[in-house]
Amino acid sequence: MIETVIRKRIEILADTPLVKVVTKAIDEAGITGWTVLPVQSGSGRDGAWREERVTGSDKSLILTVASQERAEKLSEALAPILSSHGLLLTMWDVEVIRGERF
Amino acid sequence: MDVSALQTFTSPVVLFFILGLFAAFVRSDLAIPEAIAKGMSLYLMAAIGLKGGVAVAESGLSPLVAVALLAGIVASFLLPLIAYVVLKGFGKLDRLNAGAVAAHYGSVSVVTYVTAVEILELSALPAAGFMVAVLAAMETPAILSGLMLAKGGNDGEKGNRGEMLREVFLNASVVLLLGAFGIGMIAGPSGFAEVSPFFQAGFKGVLCLFLLDMGLIAARRIMASRSITWRLTVIAILLPVFNGALGVLVGTAIGLDVGSTAAFGVLCASASYIAVPAAMRLALPEADPGVYLTMSLSITFPFNILINIGLLTAFAQAIAGPAGALP
Amino acid sequence: MDVSALQTFTSPVVLFFILGLFAAFVRSDLAIPEAIAKGMSLYLMAAIGLKGGVAVAESGLSPLVAVALLAGIVASFLLPLIAYVVLKGFGKLDRLNAGAVAAHYGSVSVVTYVTAVEILELSALPAAGFMVAVLAAMETPAILSGLMLAKGGNDGEKGNRGEMLREVFLNASVVLLLGAFGIGMIAGPSGFAEVSPFFQAGFKGVLCLFLLDMGLIAARRIMASRSITWRLTVIAILLPVFNGALGVLVGTAIGLDVGSTAAFGVLCASASYIAVPAAMRLALPEADPGVYLTMSLSITFPFNILINIGLLTAFAQAIAGPAGALP
Amino acid sequence: MIETVIRKRIEILADTPLVKVVTKAIDEAGITGWTVLPVQSGSGRDGAWREERVTGSDKSLILTVASQERAEKLSEALAPILSSHGLLLTMWDVEVIRGERF
Amino acid sequence: MIETVIRKRIEILADTPLVKVVTKAIDEAGITGWTVLPVQSGSGRDGAWREERVTGSDKSLILTVASQERAEKLSEALAPILSSHGLLLTMWDVEVIRGERF
Amino acid sequence: MDVSALQTFTSPVVLFFILGLFAAFVRSDLAIPEAIAKGMSLYLMAAIGLKGGVAVAESGLSPLVAVALLAGIVASFLLPLIAYVVLKGFGKLDRLNAGAVAAHYGSVSVVTYVTAVEILELSALPAAGFMVAVLAAMETPAILSGLMLAKGGNDGEKGNRGEMLREVFLNASVVLLLGAFGIGMIAGPSGFAEVSPFFQAGFKGVLCLFLLDMGLIAARRIMASRSITWRLTVIAILLPVFNGALGVLVGTAIGLDVGSTAAFGVLCASASYIAVPAAMRLALPEADPGVYLTMSLSITFPFNILINIGLLTAFAQAIAGPAGALP
């Protein structure tokens, strides 16, 4: 049986122009990396939207895996701007192999 | 005016825009993949930049070019002031949103300009090649004045300031427009001949499909919109008329030919919906895209394409007098 | 017939399709990004719509157009009945899947039509411009009769019915084809001249790359398929021959010229693999796409492109007699 | 330390033409929003597939964050059609900030 | 209340040319299926990257749902190549309906 | 040489590449959607394959073609040996990475070739049509010798071997290049005429936008790179000069005309950054893409486009003597 350790997985949905704000916060929290996934459409309190890369009003999903401690640092850094920047953050425990990486 | 207005509505370019509006309003699922739309917008900017540069390589640079550039920069800087006052007063927006919207109206829409140039050519009133440089020059000053208006004295974290300026001045469309303009100037007519089947012959067709997409996007946005009041609708229609008329007066005053004057009017009348929204999302994340994008993209843009280009062309012809009609 | 059949196999358009089939069969990783493929299909529909509209603007509308439209609509409605009987009887499909497949064979394939038109032009037998309108008219009636066949009496939730009808009649390809057709009629030959370098000159080249992609997709699908029996394979080949022959007879009977008759035969012979599958996925989610898409896309489509277009053209020429050969 | 609350995250893989069936169910369950991600290829009991936007036989991933109660309402609404519509549904607990939104 | 069962969800980030190595391992572990999502950009110890489909240096995210037992088989199969192939693997428990499928 | 070197820098094709490099260096956010870039690369390969095939259909096959193909295959096999020795010795790479990089330098870059052909045509030194077949033939042998070098005796799991070979020989660009070449030969000049507005007229324009993107990608990669030493940089510049000169000597020796000789030199000088990296990622996952991709794409590719094509053309002209200048 492979040994696994528990880490936090955090996913943040953000407007594409704001992705760099989020990834900067990730880097500053000392997390080793992040990955950005494209998003196609969605709906929320502000109504529905579709990807519109031309007008820059599309969204992206940023995912990062971090230790409990760094994950907390990141969520504390982002909490004040979650509402103002319209970010959606979810966080849960995952098992990873080679836990020393994160 | 009658003639050019009619020509507007039989041009495939404008008809495809109307088809896009229509398809969205009847809730058809017609959609252009966003990678294609983005590719077409890059193509249009490269093509218009190249053509402008080649035209300048042929005609040479005159003092008029410098004057036009200066007029454009000043207009882009100052037009947001007028907009801001109207948006806060009549439009009842708060400082933040008024500043964000104002930035859009000071800046320009490349596609509105391109469509105007096509329509002007149909009317035998071509705009000068250097107007592309004016277009590029007008994109960004408005972003700065809009931000100053929105933030008042406190311009936030100093650290981000330089970063922001760099991004504003090196944003994709400015770099591509000016880069292609420079390439056109260096390559000249003979170098352009090699690539003209792609950049020249295909241009109007691509513009048709791009406007089809813009029609779809503009109409879908306004149908989903929840933040637009009748006051803002009025502003989104009257402000471009006012700004455009101002532009025509300035263009005539500095001695532009009729086509270029009309094109300058259109630049002043048009509102950005590509470069400025992205900058605002980053610099003023609290401002509501539901307000600024919907106004510029879903109201002002169609109004300019369908009506205002015709109006401003007629106005430019009228004040130029009979002599100016066929320069 | 020999000549046109040979021409089929030296036309780059058809050769690229064969290259696509080949590349997929040898498991090459050649693939066209789906955004590009989607963009090309929109381009082809806009172009063919425009050209049809311009042709009608030139030739004017005659009673024949109305007759052809009516014949198309009736054919699209009724062809699924024949298909349904054969699919349930010989094909051993259940009611649901037989209805779903039948809808595909009543409707049409835009790319099959476009390829046929190219091949007919090589044979100096151009199809009339208004056939594009017939194409658009034939897309959707078959969806309705297919659904009625699949569902029998109980047409499910009433609430969804209107919604479904709206979607069927305003689906992307119908809106784009008819919209571009209308634009072609309004803009006329002079308006079209502006955009013809894009929509006319580029047409065959885009069709080459699009057929390359369709070849890849068709062959990959059949290689992965697990639901196709020999009985269904036979139907997917013989039904288009039968439907096509019927179409040629009807086309001749209502007085179409030879090219248009052959084109009408191709419309009847072709099976939809864009609009109808999407509609079926939504309206009959329990039906198996592994059956209907594989039959229409991976068997009937290549058979039509490679063989049946040639057969139907020869048949149309034969029954028209020597007088009809060069109208 | 930022306060977080537990919500359900539900992800549903569906054929693209069926996305609106799923999002309608989400809206009807009273959930505040949803987000759609593109999917490239896959393999299941019916064999492998690749994105084929032209023939509409591509898939999408719909993700939504909801309270336990609404998540149950949604999964009850979707359960009867999971098999017939070929949907794949997974659901797990996540921490969110600003839990009152969901 | 709909009955749900617990399964493992495994997500693996891999260079696109290596996706087939991962999906082969999934098939060999006896898992019923997998789904591939596109990825846009990222950053790790080797620096940042953007999708570059032309040079094939883009990444993809492979997700699969499996029983505990098969998930272990898969992670054991992948563990030796995680570092050499630069894979990022996370794994967590999810609830699924129709658990007999996985 | 002066003339062709100058022509290089006034050609829009090269200028757009420079614009891409510049935009990335100033950190502009200009970017071309990857679906569009991929689509353009497929277009370029289809177009160049077609044109080569048509040229061969016109000129017929001669023994020279077979000799050139053989020379290309041998060069692709053997050039990695030289590269490997230099990379391990002077470059201080380990066996694995030296083998991986060597494979890149034995193989070819389609876009470098295409750009060279455009520049050669400007200099009235067209390359023969069959050189496209040589290009396709040179893509894969280097992959095999690179792998043998990297793995030494132990070639790993036998089972994967056949699979790997199949993939190498049926990779997308080989299939598309040779497929389009065959289509060009079958369709001939008359068949090509139908599609030449798309594949011929649009070619240089597409190449402009594609090189814009390659400039962006090449510059961004080197700015983010952490694994490139000065020793590797020197190799990435001098190796293409050496390989290219060798190619020019061989081309002259086997009797190619000046244009084709220069083109053969460019093929030897160019390094793959599409087919080979993908093959290496799969076959040698432990090798570092940060080394092989950065060397081939970010150093050798720009060096070839901006300087080496001009150098090799001048060298080919020089050793051909005055008689060879205008064949």
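We call the chains A, B, C, D, E and F, going by the order they appear; numbering starts again at 1 in every chain.
Methods note: contacts are C-beta pairs under 8 Å (C-beta built on N, C-alpha and C of every residue); 3 or more make two chains touch, one makes a residue touch a chain.
Nothing here was measured: the structure is a model prediction, and the numbers come from that model.
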Original post:
Tell me, which chains sit next to both chain A and chain D?
Top reply: E
**OP:** Count the smallest number of chain-to-chain hops linking chain C with chain E, moving only between touching chains.
**Re:** 2
**OP:** Tell me which chains count as touching both chain D and chain E.
**Re:** A
Subject >> Centroid comparison with chain C (C-alpha atoms), farthest chain >> reply: A
Subject >> Maximum centroid distance from chain D, chain identifier (CA atoms) >> reply: F
**OP:** State the pair with the higher C-beta contact count; candidates are B-F and C-D.
**Re:** B-F
Original post:
Between chain E and chain F, what's the gap in Å when you average each chain's C-alpha atoms?
Top reply: 35
Original post:
If you average the CA atoms of chain B and of chain E, how far apart do the two points sit, in angstrom?
Top reply: 45
**OP:** Pull out every residue in chain A that's touching 2 or more other chains.
**Re:** 37-38, 53, 92
Subject >> Sequence positions of chain F contacting 2 or more other chains >> reply: 31, 33-36, 38, 197, 201-202
Original post:
Touching pairs of chains, which are they?
Top reply: A-B, A-D, A-E, B-C, B-F, C-D, C-F, D-E, E-F
Subject >> chain F-touching residues of chain B, taken from the complex the two chains share >> reply: 33-36, 38-39, 42-43, 46, 50, 166-167, 170-172, 175-176, 179-180, 182-183, 186-188, 191-192, 194-195, 197-199, 201-202
Subject >> For the chain A and chain B complex, residues of the former touching the latter >> reply: 15, 17-18, 20-21, 46-58, 81, 84-86
Original post:
Within the complex, which stretch of chain B touches chain A?
Top reply: 31, 34-35, 37-38, 41, 213-214, 217, 220, 224-226, 273-274, 277-279, 281-282, 285-286, 289-290, 293, 297
Original post:
Can you name the residues of chain E that touch chain A in the complex?
Top reply: 13, 37-45, 59, 61, 72, 75-76, 78-79, 82-83, 88-92
Original post:
Mind pulling up the chain F residues that touch chain B in the complex?
Top reply: 10-13, 15-16, 19, 22-23, 26-36, 197, 201-206, 208-209, 212
